[in-house]
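Encoded as C-alpha cells, the structure appears first; notes follow it.
Going in written order, the chains are labelled A, B, C and D, and every chain counts its residues from 1.
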Amino acid sequence: MLPGPKERMRLVDKEFIARGLRRSSTGRFLLWILPWAALLVFGLYAAALCLVKGLNQTNMDNRFAFGLWIFLDLTVIALGAGAFFTGFLLYILKIDELRAVINSAVVIGLVCYSGAVAVLAVDVGQPLRAWFTFWYPNVHSMLTEVTFCITCYLTVLFIEYLPIVLRNRKLREVPSFLVFEHELHKLIYVLAGVGTFLSFFHQGSLGGLYGVLRGRPFAFREGLAVWPSTFFLFILSAAAVGPSFILLTTWLVEKLARKQLVRPAVFRRLARISGLLLAVYVLAKAVDTLVWINRTSPETGFQAWQYYSWKPFGTWILFAEIVLFGLLPALVMLTPRLRAHTGWLVTAAAMACCGVALNRFVMTVQTLALPTLSFDPFLSYIPSWQEVGTFLAVVAYGVLVYSFSFRYFNLFPEERELRLEAAAQQEEEPALAGRY
Amino acid sequence: MFPWNYGFVWNAGHIIFLGAFYAVLAVVATTVAWAVVRSERALHSGEVEAIRWHSDFESLPCSDQVCRHVLTGELRERQCRRAFCCGECETHARLLERNPLPRVEEPQEEICGMTFPLDRFYHRGHAWARLDRDGTVLVGLDELGTRLLGRPEALRLPRPGRRVHSNGTAFKVRRRNAKVRVMCPVDGKVVETGSAERGWYLRIKPDSKNVQAFQHLLRGAEIKPWILREMERLQLALTAEGAVPALADGGVPVADIAAAYPTADWDAVCGAMFLEG
Amino acid sequence: MTAQNQNRRAKRYGMSIDIDKCNGCGACMMACAVENNIPPLPEAANDRRGVTWIRVYKVDNHRPYPERRIAFVPVLCQQCGHDTPCVHVCPQQAVEVDPATGIVGQMPERCLGCRYCMVACPYHARYFNWWDPKWPAGMEKTLNPDVAPRMRGVVEKCNFCHGRWHAAQQKAAAAGKSEIDPADYVPACVEACPTGALRFGDLNDSSSQVAQDAERPESFRLLEKLGTEPKIHYRSQRGWVREIANAPRPEGKDEARG
Amino acid sequence: MTTTRRNLLKFVGGGAAGALLTPAPWRLITDTALWSENWPGIPRPARGEIRARFTHCTLCPAGCAVRARCVNGQPVSLTGVKPHPISHGALCPWGIAGHHLPYHPARVRQGPVKEALAAVARAMDQRSAGERVAVLDLRPGRTVSWTYRRAMAAIENGLYLAPRQPAYSIDLAAAETVVSFGAPLFDGWGTPGNVFAARGNFRLVQIEPVESRTAALADMWLPIRPGTETAMAAALGGETTIAEAARLTGVGEEAIGAVKEAAENGPAVVLAADPSSPLMSLNAKLRALGRTVVARREAPLPEAWKKAAPVTEMAAAPDGAIRVLLIDESLPGGYVPWQEIEPKLAANAVVVVFTSTTEGYARHARYVLPSPVYPEAAEDIGPAIDTVGEVFRIAAPLLAPVVPVVNPGEFVARIAGLPQSDPLRERADAIHQAGRGALLGYADGKSTPAKEVTADNFWKTLNQGGCWMDDTGKKAAPGKLEFIAAGEPPHDELPLMVVAAGGRRGGLAPPLMSKLERESNLRMAANRVALSPADARSNGIENGGRCLLETACGRLSVVATIDAGVPAGVVEVAAGPRIADLCGASPRARVVRA
C-alpha cells in the first residue's frame, strides 16, 4: 500500500537528515517552525508598508534620522562577527578545536549579515538607488566602506555556507555537488582570509561611522590616520563578543535540542579567547573614554558632564558599558575556576553580548537624543510597530534558517561522535558488563 | 567605480579603496572558479567515487579511522590519514617487511559463530574479494555484513560492463530504513552479476592482478582482530542507535541482526558498519 | 562646477542675521517654501518631520516669567566652510561644496536617503522627505519653474536658492560679464525678510555688508568651536542671546547663562 | 554540435561574459541611474514666458504693493515692491503665499446662487414694515462699501452695518515714543513695511501681559497684570498716582515713571490693540492729536455716491428687525461675533454670506456663496490705520477665478436695482477729476502728477500696478474721537483672562502656513491655546494635549501648548472666527481636560 501524504513527507524529511543524527519528528519540527513563520509573515507585512508607503510609517524623524534599525543592525553585525573570527582562528591560526563550531558560526554569521542588509534596504529612502553607492562611491565616507565590505563579506559568507549545504546527505548523492563541495572545502581557508580582511574593515568602519561625526561631539573621536578610535574599538569589541555569541547560541541549541553538541573544552576555549579580547577592549575603551572626556570633547566646546545630565542617560550608562558588561564578564571568562562552570560561562557570555549591544545603543540612540544646539531639546523616540515588526522579521528569518540548517546540515561535526562516546560510557556500566 | 563614472578621480583614496575592492572580488571569483574547474575535471576523470570515499572517510569518527596495524596490535595507536589506501602508505610497507603476516593454517576463521574463509581479501566495508583462476575477481558480502543486512529488501547491482572502483560503490542494498552502499574492494569492470543465494554479487575483471591492487585489503591473521573490533563497533552502534534489548546471547549475532533490534535506527547502524558518512 | 567658475575669483557666499531685528514673522520660511517648491506636508507632519529649509526657532533665556525673554533665531544650512560634516559622510557624492561659491550643494537626484548626513549635521538643517510631495489640486500650477521638486525618501536642505544663482549666472553670461551682479543674486528668505534682519553677500569681499557684519564685536556663529567654519553670522546686543551660540546647558544648570 | 542543455548553458554563460566586455551593459547602468533620478509621479513645474505683474494684497487693510512673478500669466511667487513709499517692499507670511489661496483645499467651491437670490427677493417682498434689509461689511472703506451704502439707501429700510472704523490714522514717522497697549505693532498692525521703516525713529514701550513678537522687540516691555491696562493709562494720563498704578498693574514704579516722562515730552502716540478702545483717549492728554494721531481721509468719491446709507454699528441695530442679512466676508476683516448678530435677526431671517471659508459665518448662514479670493478679486483697499493722507490702489486680479464665484458687490447692487456700472472705474475717474496728487507706477517706479495723465492712462496704470497718492503734508487733527468703553467683563467664576495672540488673520490661510504652524512651532495654529505651566499643571493638561476652552458663551475643543512665557491666570488664544465667537463677548475663560 502507498504511504499517505503525511507519511511520504516524513520519509522525504528523513531522507535529508544526516545518518545517525537524532532530530525531532517532522510533526514537532513543523510545530516549532510555525510560530516563527507567522512572525516572519507579519514582519514582512510591516516592512512592505515601509517600502510602499514610505518611511513615514516609522517613528523616525529629522532629528532621529537613525532609529531602532540602525542600532539593531550594528548590534547584530557585532554579534555575527563570530563567523569571521572563528574562521580566522580555525583556518589561519589553526586552532583545530573550533572545527566543532565553525559551521554553526558560519550560519549565524550569514543570518546576522543577510538580516542586517535586508533591514538596511528598508531603512533607506530610495532602496532602488542603493547601488549608486557602488556607482559613484565617495571613498572618504565610512558608510561607503561599510557598504562595500558588508556586501562583499555577505557574498563570501554565502560561498562559505555552500559546502555546508552541499554536504547534506541527499544533495551529496548528486556527483557534481559532492565534488564541488569537496574542492571548495579545500580552498575554504582563502575565503576565511578574505572574510577576515573584510570583516576587520567593516566592523571598524561601523565604528568609524560615528567616530567621524565632527558635528556630534558626543560621538566624535580622534584617531589614527583616517580612522577614529571607535574604528578600532568596534573591531575589538566585535571580535571579543563574536566567540561569546557562538558560545551562547551553541549552549542554547544544546538546551533546545536536549543533546550535547560540542565538547566542554570548546566552550572553555571560546570563553578564554572572548575573555582575553574583552579585557583588551575594556582597557582600550577606558583609555579612549578618558581621552574623550578630558581632551576631545572640551575642545569642541562640550563638557562631558553635559551629556550625562539628561535623564535617563546618566553616568551609570558608562559604568554599565565598561565595568558591568565589560570588565566583569572578562574576569569571569579569564578565571579558570569560574570558567569550569557552564553556568558562569553562559552568564558571562550573555553579559558580554549585552555590553556590546549597550555600546551600539549609546553610539546610535544617545548620540541622536542629545541636543547640539543650545536651544534644541533633548529628544526621545519610541519605534513604531512597523519598525519593530520589520526587525522581528529578521529575528524570525534567523531562527528559521538556523533551525533548518541544524536539522538538515551537520552544523556540529562532533555531534555523532559525542553520541557514540556517550554510548561507550553506557556500556561501561556494570549491568551490561562481561558480555563476551 | 570606474574611471569613466561621475566623481572618479585618480587619487590615492580612489586607487587604494577601489584597488582593495577589486582585489577582493578577484580573489573570491578566482577561488570559486578554481573550485569549479577542478570539480569539472574530477567529474570527467571519474574521481567521483574516490572523492566520495575520501569525504566519507573524513567524516568517520576517529575511532573508525584506526590503522589496520593497530588492530593486529603492532602499533598502540595510529589514525589512518590515507583513507585506508595502504598501497600508498610507507608505514604499512615498512611494517610489512619488518614482520610479514604469519601464515594461518585453518582455511577459515570462526569468530562469534561466523565463518570467514581465508582464501580471500576483506575490505573494511565488509565486502570480500576472491581472485579466481580465470583472472576475474569475485566480490561478495562477508558474513557479518550478510547478517547485518539479513534478507535485503532491495538489491541494486551494476550492469555487466560497468566500471567499478576500489572504495567506490560496488552495489547498493536496502534493508528496513537502511540504504547501504557496499564498497568495492578492487578497480575493474563488471563481467557478471550474482546474488545473495549464489553467495557472491559481482564478478569483476580487475585492472591489475598484482599485489598492489589488493594491498589495502585485510587478509589472513588480520581478520580475527578486525572482526572482534567490528563486533565492538557494532555493539557501540547498537547502543548508540537505541537498540533494546542489547545483545542478549553473549554476543553471538543472530542470523538476522536487523530483525533482532526493531527499535534501532538501522540506517545509522549500517552506516557505521559499512563505513559510510 | 565649470572651468570658467574655476578661474574666476572664488566667492564665499554667506549670510548675516540680526537677531535683535527678527520678529519671527516667518516670512522667510514661507518665501523659501514658495521659491523651492516645498509642498505643505500632511496633517501627520509635526515640527520633527517637517521640511523647512530655513526654520525660525523661538528661543528664551530659561528664566521664569516675567524675567523670561524670547528671541527668534532663523536657522538654515550654515554652509560650513571647513571639513563640512555632511560632505565627507555621504556615501555617493550627493553632497558637494562648490569651490566657486562655497555653497554646500545637495543633489537629491543622487541621494538614496540613508540620512547619514542628517546625523552628521550639528544644526539639524537637513530635512528628509518622509512623504510623497503632494500639492492641493491645482496648486502645482504655482510651482517655481527654476527648481525641480524632490521625491519621497531623499534628503534636502538650503542651497542659498541655487535656482536664483543659476539665473544670475545666465544673466551675467548673457551680458558678457564674468561676475554676477550682487543685486541679481539674493536668496528668497533675504528678499522676503520685512525687517531687514537677514543680509546676504560674499564674505570674501571685504566691502560687502555681510563681511562687515561678520566683523562686528556682537557677531557670533553657532557652535563655532566645532571648527566647521559656518558662513552664517548672527549678531545680537543681548548677552543671553549670544550665549545660545554655545553648547546646550541641561535644564536647571543655567547659572552659566547671561 | 548537438544542442544539449550543457551546451546551451555554456553558450549563454559565454555570451554574458562577452557582453560585459562591450560598452552596452555599462551604458545601460548609467542610463538606469539617470532614469532613477527622476521618478514619475512628481509634478513638473510648467515652463514658459516669465513676466512680472503688479497688484495689491487684499489679505488685510494694509494693502501692500505686490510684485508677482508669473509664468504664462500664472503667478508663481509674490514679493513686495521695493520703492513703494508706504509698504517699502515688505510682505507678511500670509501675503507671500497669497497666490496659493485660490487652490486652497478647504475653499468654498460652489453655492446656491439662484436660490439665494430668490429667497432674498421673497423675503424683501414679504417683510413686514420695520423689518430691515442689511449688509454687513467686514472691510469698510472700500469702493464696494460705497456700493453697499448706496444700495441700502436705495432699498427702503436698508441698513449698512460695519464694524467701527477709527476716524483717525497714526503717523508713526512723526512719533518719537510709542506707547502700545498690546497693539501688535510688529505683527499685523498697520502696514508692515511702513512700521519697520519708521522703527528707527521711535522708542517702543509695549504694555502687555504676554511677551508677544512686538514685546520681544520693544525697547521696553511692561509685563502688565492682565485687565489692568486702564489703571496704567490713568497713571500715564496723570489721573492716578504711579504708586497706585504700580500696585494694580504689577509693573515697577520707576518703569512707569520712565514711560510717563518719555510720553509727556517729545511727540508720542498711544496705541491700543482695539483701535476704538478708550485707552486711545490718552492721546489727547499727550497732545498727540494733530501731530501723531491725525484725521483719516478717504480718496475722493463721485458726487452721485453721496446719497448713501449711514454706517451703523451692529450694537446700534434694532433687535429682531433684520429680515435679510447679506454678509460680505470675502475679505478678512474685523469679525463681529455671532452672539452680537443673532439677536438682531428677525424670526425667519434670510442670511446670505459671501465667503471663501467655511470657518466663519458660513457656520451660521443659510446661504453660503463662494466669493473670489485674492488674487482673483478686483478690489480696492481703503487706507490702513497708519496711512497718512489719501491713497487709492486697486488689487487687479492676477488670475481668473478657479471656481464659479459670486461678486458680492454685483449681487447687492442687483437686489437693490442699482444701474449696472463699474464702481472702481467711476471712483478712479472721480479721483482723476479731482486733479490732486500723483500717480506712482510700479513697473517703472515713476511718479507723475495725476493732472498730467489722461483718465484712461490713469485707470490703466492703476490696474497694471500703481497707486494714487494725495500730496502729503497737510495733516489735520481728527474729528471728535469717540470710544466704546469695553463693558465690564461679566464677573463669572472663570479663572483665566483671554489674550489674543497677534498675527493670525481671518479667512483662509495659505496651505503653506503649515510650515509655520505645524512643521515648526513658530506660530499658533487656529484653535490652539497657550497656558502657563502653573495653570496647565493645576488643570492636569499636558503639552500638545486636547482640552476644552470654556467661556460664558460656550466651549470649544482646542489643543493646549504649555508656554513659560504666558503668565499664570492668562490663556493666550490663536485668533480665528470660532475663538472670536467664543471669546468675543467675554474675555474670561477656563481650560479643562477633554
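Side notes on the structure shown:
Everything below uses one rule, namely that contacts are C-beta pairs under 8 Å (C-beta built on N, C-alpha and C of every residue); 3 or more make two chains touch, one makes a residue touch a chain.
What you see is a predicted model; the values in this text were computed from it and never measured.
Contact tally for C-D versus A-B: the pair with more C-beta pairs in contact is C-D. Most remote from chain B, judged by the distance between CA-atom centroids, is D. The most central chain, judged by the distance from its Cα centroid to the centroid of all protein Cα atoms shown, is C. One inter-chain figure worth recording: chain C and chain D are separated by 29 Å, centre to centre, where each centre is the mean of the chain's CA atoms.
Centre-to-centre separation of chain B and chain C, using mean CA positions: 77 Å. Chain A and chain B have Cα centroids lying 39 Å from one another. Between the CA-based centres of chain B and chain D the separation comes to 97 Å, rounded to the whole angstrom. Looking at chain A, residues 126, 129, 132, 135-138, 140, 144 sit in touch with two or more other chains.
Of all residues in chain D, none touches 2 or more other chains.
Counting partners per residue, chain C has 46, 49-50, 57, 93, 110, 132, 151 as the residues that reach two or more other chains. Contacts from chain B toward chain A in the complex involve residues 1, 5-7, 13-14, 17-18, 21, 24-25, 27-28, 31-32, 34-36, 38-39, 42-43, 47-48, 51-52, 54-55, 59, 61-63, 177, 235-237, 239-241, 246-247, 250-251, 265, 267-268, 271-272, 276-277.
Contact residues on chain D toward chain C in their complex (touch as defined above): 37-39, 41-43, 45-48, 50, 71, 74-80, 90-93, 96-97, 99-100, 102-105, 186-187, 192-193, 196, 199, 211, 213-214, 216-217, 223, 402, 503, 510-516, 518-523, 532, 564-568.
Contacts from chain A toward chain C in the complex involve residues 54-56, 60-66, 123-127, 129-130, 132-133, 135-138, 140-144, 147, 209, 212-217, 299-303, 306, 309-310, 367-368, 371-376, 378-379. Taken in their complex, chain A has these residues touching chain B: 14, 18-20, 134-140, 144-145, 148, 152, 155-156, 159, 167, 169, 172, 175-176, 178-184, 186-187, 190-191, 194, 197-198, 410, 413, 416-417, 419-420, 422-424, 426-427, 432, 435-436.
On chain C, the positions that touch chain D within their shared complex are 20-21, 23-27, 29-31, 33-35, 37-38, 40-41, 43, 45-47, 49-52, 55-58, 60, 64-66, 68-72, 109-110, 132-133, 135-151, 188, 191-192, 194-196.
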